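Look at the two complexes coming up: chain A is in both, with chain B in one and chain C in the other.
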Partner chain A sequence: SNLWYLFSHSVDKAWKELSNILSGIFCASLNFIDSTNTVTPTASFKPLGLANGTDHNLLRYAVLPREVVCTENLTPWKKLLPCGSKAGLAVLLKAERLFHSSYHSQAVHIRPICRDASCLAVSWELRQTLTVVFDTFSSGQGKKDWSLFKMFSRTLTDACPLASQSKVYVDISPKNKEKELLEVTPPPASVHEAIVQGDRRTYAVYDLLSPSLFNTSRSLNVQLKWKRPQDSSELPTPVLHAQRYVSGYGLQTGEISTLIYNTHPYRAFPVILLETVPWYLRLYVHTLTIITKGKENKPSYIHYQPAQDRRRPHLLEMLIQLPANSVTKITIQFERALLKWTEYPPDPNHGFYVSSSVLSALVPSVIAMKDMDVEQSPLFTSLFPSLDGSSYFVRLYTEPLLVNLPTPDFSMPYNVICLTCTVVAVCYGSFYNLLTRTFHVEEPSRGGLAKRLANVIRKFRGVPPL
Partner chain B sequence: MAAAAAMVGDEAERARGRRAALSFAAIAVVLGLPLWWRTTETYRAALPYAGIEGLGRLPLAVPVAVVFAPRSVPGDLPRPLPFTDVQEMDIAVNLRTSVTARYETAYRSTTAQEEAALDVATAQEADAGLHLLQDALLGALTVYVVPETSPLLPQGISVYVGKHRSALVRAGGGLATLRTRLQQLTQVMSFTSSSIAAALSDRLPDGQLGPDARRHLKSSLGYEITFSLLNPDPKSHTVDWDIEDAVNRYVQPVLDKLSLLANFSVDSQILYYAVLGVTPRFDKESSSFLLSAHSLPHVINPVEARLGSSAASLYPVLNFLLYVPERSHSPLYIQDKDGAPVSTNAFHSPRWGGIMIYNVEAPASPQASLPLHVDVDMVRVMEVFLAQLRLLFGLSREELPPEFLLESPGNEGLADWELDRLLWTHTVENIATVSTTLTSLAQLLDKIGNIVIKDDVASEVYRAVATAQSAVDELAMGHLHSAFQASKEAVTSSERAFFDPSLLHLLYFPDDQKFAIYIPLFLPMAVPILLSLAKIVREARQQRKEPTKMD
Partner chain C sequence: GSAFLSAVFLALATYQSLYPLTLFAPALLYLLQRQFIPIKLKSKSFWLYTMQYAALYLCSLVVIICLSFFLLNSWDFIPSVYGFILSVPDLTPNIGLFWYFFAEMFEHFSLFFVCVFQINVFFYTIPLAIKLKEHPVFFMFVQIAIISIFKSYPTVGDIALYMAFLPVWNHLYRFLRNIFILSCVLIVCSLLFPVLWHLWIYAGSANSNFYYAITLTFNIGQILLISDYFYAFLRREYYLTHGLHLTRQDGTEAMLVLK
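Let's turn to the complex of A and B:
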């Protein structure tokens, strides 16, 4: 989970209070956010909405890579909706189907906006997003058909009475300009064409507030059927995508590599990379190399804040120019630190998480986009915002990394105690004996089993007896 | 000869050996054991146990001034004016706590300005005029005795209590009647023994408390007030309420007056699809839906889950809910125990808040388009909510003696002396809380050996005891304001000390780990010493027997 916020004053105390209160409201473990996982980025995050001259020292960003989303986070998220899960689109959001998915992500964004065109008064806009990826192919007997009922085991019955807009968009873009490949039922009232992230896409629109939608049947169950069996279709690769991995051997050193792909055929564009590495992986910035197409690529802006042990993580922000149709590899070497034995979490051999790095870029689109009317379709434009017609903003998160730190043998303290105590006891014992033992002369004794046995052996050897 | 020499040598050897063993044992016990004990004990800074014990006595002093207007002095005064008199009353709470109330009454005659202020037509004007003249401290009372024939008090009323800290009493009947009236006045305007006992309610066994005991809000540094509008049927009703204006106009003056008591913060919300947990009964005679009195406790719980303000607030929350019933359950009335509908259609729950049901009239024509637009009449609603707020704080106006007349506080919501009543009970409650918290801490330290008391925790405890002691001293002198501030500080310090996370540092240190660490070292060291000691003891016993045998 990650949290970022722009404050107006007295940041650190307010940051702690904010993360604790949000942790209580959303039942998420955000209260583990402290100075060891908070950074102050300078360029990657700009405030959304109205802002009065931003001092980047007032911005805080924190990531908790070990926290996962589950049902207890969905319930308070749903409580924030005005109709809750009782009416409108939110009736589909039941936890037992939503978490049977390959990817699940929830977000809450708050920003100040102008109340009207003259901007005399400012309101707060709360935007809640939920992203779920269902894999119907592997669970639906090999067919790519889907329906709302199959995915959510529920259908839509009405719109939320408090909503001014309530729409369902279904992507029916034809591939390779062939029509009639797929069929959507019930037939949509209107079709919306837009250029989204550089691609021309067609959406079927179902407006829940229009009275004609529920005329024929009381519930709306959108279904999509493919007319012809699909041959191997590849998904188009996005213009900007990235990967990150750890390499190296042993528990002393390692290397973090980030690969950034720019698949645009002819346009180059810059990207801001923000990396936050915990303090126990000590980065060596002199080993930072950026290589594109075999040649070195110098970033035009670097901001590096080294870590302080147990207080602050590393922060590395770079502005890198990506040439067209290229792969950029960024590598940096690190050394693993040995933690104090009380700082290891339970199950330390699972590893330690390194949070994902953030890539922010204005990606030029292959096809020219026209400005979409914000008034007409406010939700659609907030899903796919575009500043001007030629590029769109993308923020990518890479994978988090799992790194093993050298773990001590936790039974060693007791072993050391036993060993030293044994040595001390032996030494003390002999010392004590010397001091307190009394010596007196003793008559030699005859007999004894060992002596007789020895004499028997001596007789055999022909040696005089003892 | 050689054998005798050998025997003597042997004897010397053995004596030397015994001495060596004994000195080992002596060094181990005298040096080693205390050293080990000191280096392994949990760190505990010293705490003022005597000071904590001494917080049990609570003396309360109320300064009262009795001012005689001309021609109203009773004949049987013990001494000529001006003089002072002290009366003490003991409020027994339990064996350890005792509360003594001291009324320091100062009798004097009016000054010229006060006479001029009393020379007006109505009691309200007299009250307003007198308020400008006096600089009454919090907690102090001034009683003006007016002549029997004075036109200020209406017929049949002998005592008039104003909005501020003064009262008008009709003369007549001598000093004894005056003293009874004074006592009744102080019971109304300062505190009664039951209100003090209620403030100390957690120290009393359950049987002794009256029904009012745990009803009022506990003393706290602040309160959060939340106004919620519940609309379970947004398809039929679109409800609008101008809550911001209503709060600024009606609620804020009351909270400003109470700001001496605590910090208040107000917020509001609108909740949709929030239903009451109880299905109301349909009553054919009145053709309305009824909620009976015994189903009211079940109403709150399902709604509480959605109110959601407890996660984000430090202070106790007071919830005021306005419920607009669904079209299918309209109109909805609350029935009291006798079966009659309650006139305000509202109820409140102690220490939680209140709920009011706002019925919307059915539309004139049955084909009116849904949803109906409803504009809430905030005056009616705020009247009920403010009355509930006063009840929640414990400012009720019942149990008055018959000849008393209380002035209504008007726009401010509460009179000065009502604020004084709250301050008295809250101060006493704060001091009692400090004493209870610190005593529990002391008892815990006795019982559990593993609690660590660091230096800053100890300094907080010292500070709590010192400020609580100064609060008690100020109460004994009658300075209510400074006593209240000191008691608030004392509560904060004591809570901070008690809930400090560093206390639990070593709490769960397992005992078997201690054995695992000490045994590998101490056992090999102790065994030879013990064995030699046993040998020495055995030889000594043998020697004692031998002389008797040989001889």
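Let's turn to the complex of A and C:
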């Protein structure tokens, strides 16, 4: 889970309060956000919506890579919706089907916007997004057909009465422009065309608020059937995508490598990479190398803030120019630290998570996008923002990494204390002996206690003494 | 034999890591010996010389620290350098005793044990000074060895430093009691250190306990080596004053014993 916010004043105290309040609202362990996983990025995050001149010192970004999203996070998220999960589109969001999926992501965005065109008053816009990837191919007996009932085990019955708009958009963009490959039932009332992320896409629109939708049947079950049998057509690769992995062997050193792919055929564009590495992986910044197409690629802006043990993580921000149709490899070596035994999580050999790095870029789109009316399609302009028609903004998150640290033996604290103190005592004892005693010539002794006792017994027996 | 130079270099060594502070006492004793000033607590010349030397040492130390302050324009380097040496926050495994100790320490007691371990380096100085006041060079050797065993981040370089001085006391060889087993222990431990490190960190088939055990054994070996040399030194002193062949009252050969 990650959290970022731009404050206006008194940042650190407000940050702690914010993370604790949000942790309570969303039942997520955001209260574990403290200075060891919070950074202050300088370039990667710009505030959305209205903002006065931004000082990047007032921005905080934190990631908790170990936190996973589950049902108890979905429930308060649904409660924020005006009708909850009782009416409208949210009736589909039942936990047992939503989490039976390949990918699940929830987000809440809050930003200040103008209330009207003259911008005399500012109101807060709350935008909630839920992204779920269902793999019907593997769970649906090899067919790519889907329906709302198959995915969510329920259908839509009505719209939320508090909603001013309630629409379902189904992507029916044809891959080849020749014939129709797919069929959507029930037939949509209208079709909307938009250019999304550089691609021209066609959407079938179902407006839940229009009275004609529920005329024929009480419930709406959108179904999509593919007419042709499955041809192994690959999905188009996005223009910008990235991977990250850890290499190296042993528990002492390692290397983090990030691969960034630019599949645009002829345009190069810059990308901002933000990496947050926890303090117990000590980065060697002098080993940072960026290689594109076999040659070194020097970033035009680097901001590096080294970590302080147990206080703050490493922060590395770079602006890298990606040439067209290329792969850029960024590598940096690190060393693993030994922590105190109380700082290990309950399953220490599972490893420690390194949070995903964030790539922000304005990707040039292959197709020129026309200026869209904000009121006409608020969904698309807020989900896929673009400054001008020629590029769109993308923020990518790479995979989190799992890194093993050397562990002490957790069953041994008492033994270790005893043994180490024994060694110290050996030193103390021998030195004490040598310092306080002096050499003497040995006097013949009368015999030890055992000898004397033996002699006493012998006297009783009448036997000559030793 | 120059007091000024020795004060300056000692201040430099103390500035780098805190522990050479304890070498002030043997240096002072050596210089007093050269000036033929007897070490009596009531003698004025003793106190005068001590004060002069201490003033030289402290002034050079203060000058060096202030130079660092002016280079850096803040006092941040003092907690970073000396606070780090004293509070042992980094637990990277080394050949000393403390890394595993503080890795397994209960949080409640960590301050107490940090203080105890740091005092351990410093508190042998005064008793050794009293016992070895006529032999400052040997005193310095023992002090260097104690520093290199008990400092917070020992290295093989520190051990090499005092072991380089062992040939100076070659004449003590006949009085050493356990030199064979101790040298075997030290050699075997030096050979096992990289093996067990590799097994723990790279092969994954050993535990941190293996490496820790070798650390313990190696340090015990060093401690016993130093105390053996100390014993041999004191025994030779006794023989120097009382003669080599000792006889008891009835003429038989005598044994020396520490009592």
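Quick notes on this structure:
Here, the second predicted complex is superposed on the first by the 411 of 466 C-alpha atoms of A that agree within 3 Å, B and C clash if a C-alpha of one lies under 4 Å from a C-alpha of the other, contacts with A are read in each partner's own complex, and residues count from 1 in each chain.
In the analysis below, a residue touches a chain if its C-beta (ideal position, glycine included) is under 8 Å from a C-beta of that chain, and two chains touch if they have at least 3 such contacts.
On a predicted model such as this, the values are computed, not experimentally measured, just so you know.
In the superposition on chain A, A:440 contacts both chain B and chain C. Of the two partner chains placed by the overlay, neither chain B nor chain C lies in contact with A:11.
Touch criterion met: A:21 reaches chain B, while chain C stays clear of it.
When the two structures are aligned on the shared chain, A:417 is found in touch with chain B and with chain C. Contact with chain C, but none with chain B, is seen for A:251 once the two complexes are overlaid on the shared chain.
When the two structures are aligned on the shared chain, A:195 is found in touch with neither chain B nor chain C. Contacts of A:315 after superposition on the shared chain: neither chain B nor chain C is touched. Counting contacts as defined above, chain A residues 417, 424, 426, 433, 435, 437-441 meet chain B in one complex and chain C in the other.
Interface residues of chain A, counted against chain B in their complex, comprise 21, 24-25, 79, 82-84, 86-87, 161-162, 414, 417-418, 421-422, 424-426, 428-429, 432-433, 435-441. Considering their complex, residues 249-252, 309-310, 337-342, 406-409, 412-413, 416-417, 419-420, 423-424, 426-427, 430-431, 433-435, 437-442 of chain A touch chain C.
Chain contact summary for the complex, chain C toward chain A: residues 89-93, 97-107, 117, 120, 124, 127-128, 130-131, 149-150, 200-202, 204, 207-209, 212, 216, 219-220, 223-224, 227, 230-231, 234-235, 238, 246, 248, 254-259.
Chain B meets chain A in the complex at residues 6, 9-10, 13-14, 16-17, 20-21, 24, 234-235, 272-273, 306, 308, 311-312, 371, 516-517, 520-521, 523-525, 528-529, 532.
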